[in-house]
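Order of writing sets the chain letters: A, B, C and D. Residues in each chain are counted from 1.
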C-alpha cells in the first residue's frame, strides 16, 4: 500500500503533526507514505512526489507550516485538471491519498472520490468554518496568537486614550475574531455574519469614553459587510461617502471611526502571524490523532471520508457532506459569547 | 439575591475569568456578588467576606491565580465545621453559593447542598480528573506550559546525551503528564494508572541509545506507583533496595535510572509553574462561560449542580455524581495516545 | 521636595518600571512624587496631576504602557505653551520634574531647563536613535517581539514559496529593523539610512529562488526612501493617521516586488505590537536603574541632564547634547551586522 | 586553513548562533570549518570530528543547545589528556581551534595555547561569572526565562498566602539570581557572595506578613552558603548527580523556613529550563558577532585570545587573564540592584 499525502490551502500550525503521525501509523501497518508537494499542484502536469523517510518527519511535531508545501491550486479550475490528477495518481502508483485542507481542498477530494480515487480528508482551517467537525487543524493555535496579540495592545491603547482596531482572519466566518476578541478582552467585536452599522460602533466607542474608559479595542474579521455598502472584500472599490482605493479594511475603519468620533484611532492587521510559529499542545495532539486516524480509515476502506472530531471523538464524516455548507456564527452563538464581554 | 463565591483547593489560571464572568452575569440579573475569601476557610469561624464591585473584577480576565484567595480547608474535617459554615452563610445573608474547585471542594459543596445550602459548583483541576465533565478550569493552560517546558528541555538533553526526567502534577490521574508528554515529544511517559517497571523503562532508554538516539525525555506523574514497591507518594519512605528519605520522586528516578543505565540523568519538577501565569484563550473563554452559567443555574434554581462541559455544551451535572469517582486514564486511552508518540 | 513625573511620546514597555523605581527612590529620600498625566498635556491649561501612592506603583514593574498616560503634545508648538507649563509647575508646587521620553519630549525638557525648570530626562524610544546613550527604554523588548514575529513568519512563507515583507517601526533610524532582521533570520534588510533600489532587491529575491531557496523574508523600516522616488515616508494627518490616498509602505513594496518578480508576495506591519505587552528582563532592570538615578540626579542637583547608559554604567548627559542629533545606522554598522546574515 | 570548533561545559541558547556565524565567516575567507563533537572529548582518544557543510548550520541561528554536542571532559584531568589532544589536532589537520565555553573550557584553551595550539576562545556561561567580558553567551536568555518563571509564580503564591522559593543556577556567582530576582519582582534574594542568615530571612518574611503582604517570593542561587552551616553547595557524584543523602538546597530551605515561620512554603528549582529553548534576540545577535570575530582573530593571528565584549564592542582578551579570576557580585553591585527591589 502506497499512500500519497498532501496539504492544500493556507498553511497553519499543526499540519506537520498530522503528517508525522500519518507516516508512523502507515509504517506500523507496513504501508509506504509518499509526499505530494505543494498541494494539488503536485499531482498536476509532471507532478512532484517523493517517498517519505523517518528522518523527514521525526522532529516536526512542533514545527509550524507544512513540510509538504502548499498551494491554492484547484484541479477543477484547470483544463484537464482532474484527468492529470488521475493520471499522476496512477503514474506514482498511489493506492490511496490523504488530503489535508479546508473547504476548497476537501471539496476537490470529494470530487476525486466520486471519480474513483481512494481518498481520505483531514480538516484544516484557522477560520474554523467546516460544518461537520468541532476541530480543525490550526484554529486553537491561531486563537491563542490572536488573543495574546490583543493582550499586548491593551497597554499601548490605554496609555494613549486610543481606539485600536485589530483585523483578524475570517472571510466568511467570524469564529476566530469572536473567540479571540472575548479571550483578549476586546470591547467591540465585528464579524461577517452580522452586518456592521458603523454609526452604532462609533456610538459605543463614544459611550465608553463618556463613562471614563480611556480606550476601546475593536476586533474585526477581514470579511465583514457594512450596512449601506456592498460586501467589503479585500478589494474595497466604491466605499460610499469616502472614496477609497484598495485601502484594506482596517485602514478604512480607522479613517471612518476617527472621522466620526474625533478620537485617535490606530489599526493593525494580524495577518500571517496567525498562521506562523509552533502549534500549541491541543493542536499538536489532536492533529496527530486525526493524522493517524486517516491511515486507519484507509486500512478500514472508509474512503471518501473526513476525520471529523465530534464530542471529543474522531468520527468519520462523508467529504461531500463536510463541504456542503460552511459553519458560520449563529445569532445565538454570538449572543452567548458576547454576554461574556462585559 | 446575594450570591457568595469562593475558590478552593490549588489555584490555577482561569479562576479569575470565571469569577469575573459570574459577577457580570449576576449584575445583569440584579444580583449582588459577595467574595468569600480563602475557600471554605472564609465561612468558618469569623469568616471573611466582602461585597464585590466592578473595579475588583474588570481587568482580571487574563490574570492567573484567584483574587478570592484559596485554601485546602475542608469544613467536614474540622469540628463543627459544617455548623460554622451554615451559620456564616446565614450571618452574611448569602442566598446562594458558587463553589469553584476540584473533587474536594465540590465534595464539600455536595454535602452542604444536602444540608440545605443553595449551591452550584464549577469544576477546576489541572489534573483533569473529574469524571462528569470534559472541561476543568486550568487544565489546558497547564498542559501548554508543561508541553512548552518539555520543548525547552529537548535541546539541552540532546546536547549532552542525557536522560531528562520531567515530573508533572497528577496524584491519581495521568492526563496532564500523558497529554503534555505527547505534545512535548517525550519518549517515555509514566502515569499513576499504570504500575511502573523501572527495569523496562531502563531497557527502553538503552534501546534508544543503541539505535543512535542521543537522548531520552521521560515525562512522569508525581503519583506513580512502582512494581515491587508501595505507592510512591510525596513522602518516599522505604523505597526498597535503595534507602531514600524524602528524596522526591524525580530524584529517586534519577538515581535509579542512572544506576541501571550508566547514563547521565537529570531531573526537573515543573511544580507550581503549571499553576502560575495567565490562562490561555480556551481557559479564558470556557471558564467565563461556566462562570456565567453558574449564575444562570442559581436563577433557574438548579441547585446542587455542577456546570459540566460535555460535547462542547455546558450541561448540569449533580454534584454528588460529579465527585463520586475520579476520571483516570484507561488502558485504551493510554494506548490510543501512546500510539502518537513514535 | 515634590517631584513631578511624566511620560511623553509613543508608549513602550519599561516605562512603568522606571516610574515605579523613581517613586521608591524618592520615598527613600523623603520626597513626594506627583503624577503628571498624558505627557506635557498634563502641564498645559488646567493640567492634570496627582500625588502618587505606593498602591499605584507597587505591582507595575512588569506592566506594559505607562500608568501616567502619554501624548505627543509639545508645548513649544502651542501658543503660550511654555508659559502655561511654567505656571502649572508653580501652581502644582513641583520643585523638580522628571520627563521620560524620546527626542521630542527630551527636546522640550532641554528648553524648559533653559527656562529655569529643575528637570532631569530619562531616555525612551523603541527606535533607539538617541545619540548619547546605549540604552533607551523599550528597545530591547521591541527587538525581541519583532524577532519572534519574524520567527513565526518563516514557516508560513516557506510553506507557500513566498516573499514575506515585514514592516517595522523606525522613521529615521533602522536599528530596530536591522537588529530584529538579523535576530529573526531575515534575508534582506532595508533601512532609512540606505536608499533602497527596488530593482536590486528584486534581483536578490530572484537569485535566492534560482539557487533553490523556497522563500525570502524582507525586514523593512517604515521610514525607507527609494531611489527614483520621493521619500516614501508616511505622511500623517492631524491624528497621526495615514491619509486615505496613501497605500502604506508595506503594500507599495508588496505590489512592486510582486510585479517585478512574478512571485507571491505578502506583507505585514508589526505596528503597535512592538509597543505592547510586558517589558523583558533587561528593560525592567535597566529602566528601574535609570528611574532611580533620575531621582539621584535631582538630589545631587544635576539638572538639565539625561540618565544615559554608556559602557554599562548610568552616566549623566546634558539634555541639550542628547537631542542635538539622532543616532542613525552608519555604513560600517550595517556592514558589520549584515555580515551576520548569510 | 582548517578551523576546528567545539563547545564545552553546560549547553545554553546562543551556542548555535555563534557556530553558524563562525562557519559563514570562515567560508567567506575560504577557510574550512571542522566540527569537533562533544567538547574536548572529541579530541581525546579516537576523537570525533567532521567537516561542516552549509546545510548543517543554515537554519540553526535560533535553535537552543549546540549541534556540536558538549561534555565536561577536561583533558588536564585525564592521563595523557593534553598529549592526545595535541595528537588529534595534528591528525585531523586542524590549523586552528575555536573553543566556546566557560571558565573550565577556556582554562583548557589557555593551557593548550601555551602548548602551542593556535586557539581562540568564545565566552559562554549562564552564570555570567567571566571577569573580562560584559557578555557571555546564554546569560540574557536564561535571565529572561528565569524572570518569566518568577512572574508565573506570583499569582499562585499570592492566591495561597505562601512563601515561594525559586532556586536558580549559580554555583559561585549570583548574577543570574540577582538580576532575575529583581526583574521578576522577588522580595528576597540570596546569592553565594553573601552568607545567608536564615533567621534574618525568616524575620523579613514575617515582617512582610505583618504589614499585610499575602506572600513572599525568595530567589536563591544554588550555591549559597548559610551562616552556622557548612557550604550548602550540592556535592555531585561522578555523573553530576546529587547524592541520595542530599536533600537539595531548595527543599532544605523550604523545611527550615516553614519550621521557623509557621507558614506554607513551596519550593521549585528552575534547573535546566534555564539552559533550554531558543536564544533571545540579544543572544542571537551578540553570539553571532563574537562567533564571526573569533574567525577574524584567527585570520589576524590573535591566538590565545577570547572574544570579549566590553562597552558594547568586541575586544580581544588574553585567555589566561580571562580565566584568572571569577567575576562575582560585589557588595556595591548588590546594594545598587537591591535598591530597585522595594
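Basically, a contact is a pair of C-beta atoms (placed from the backbone, for glycine too) under 8 Å apart; a residue touches a chain by one contact, two chains touch by 3 or more.
What you see is a predicted model, and the numbers here were worked out from it, not measured in a lab.
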{"item": "For chain A placed onto chain B, the superposition rotation in degrees, Cα atoms, nearest 5", "value": "180"}
{"item": "Taking each chain's C-alpha mean as its centre, the one farthest from chain C", "value": "B"}
{"item": "Inter-chain centre distance, chain A versus chain B - centres from mean C-alpha coordinates, in Å", "value": "31"}
{"item": "Chain centre separation (chain B, chain D; CA means) in Å", "value": "34"}
{"item": "Mean-CA-position distance for chain D and chain A (Å)", "value": "42"}
{"item": "Touching two or more other chains - residue numbers and ranges from chain B", "value": "151"}
{"item": "Chains touching one another, given as label pairs in label order", "value": "A-B, A-C, B-D, C-D"}
{"item": "Contact footprint of chain D on chain C as seen in their complex", "value": "21, 24-25, 28, 59, 61-62, 134, 140, 143-144, 146-147, 151, 179-180, 182-185, 278, 280-282, 284-285, 288-289, 292, 310-312, 336-337, 339-340, 342"}
{"item": "Sites on chain C touched by chain A in the complex", "value": "7, 10-13, 15, 38, 63-66, 69-71, 145, 149, 151-161, 164, 214, 239-242, 244, 247-248, 251, 266, 268-269, 271-273, 275-277"}
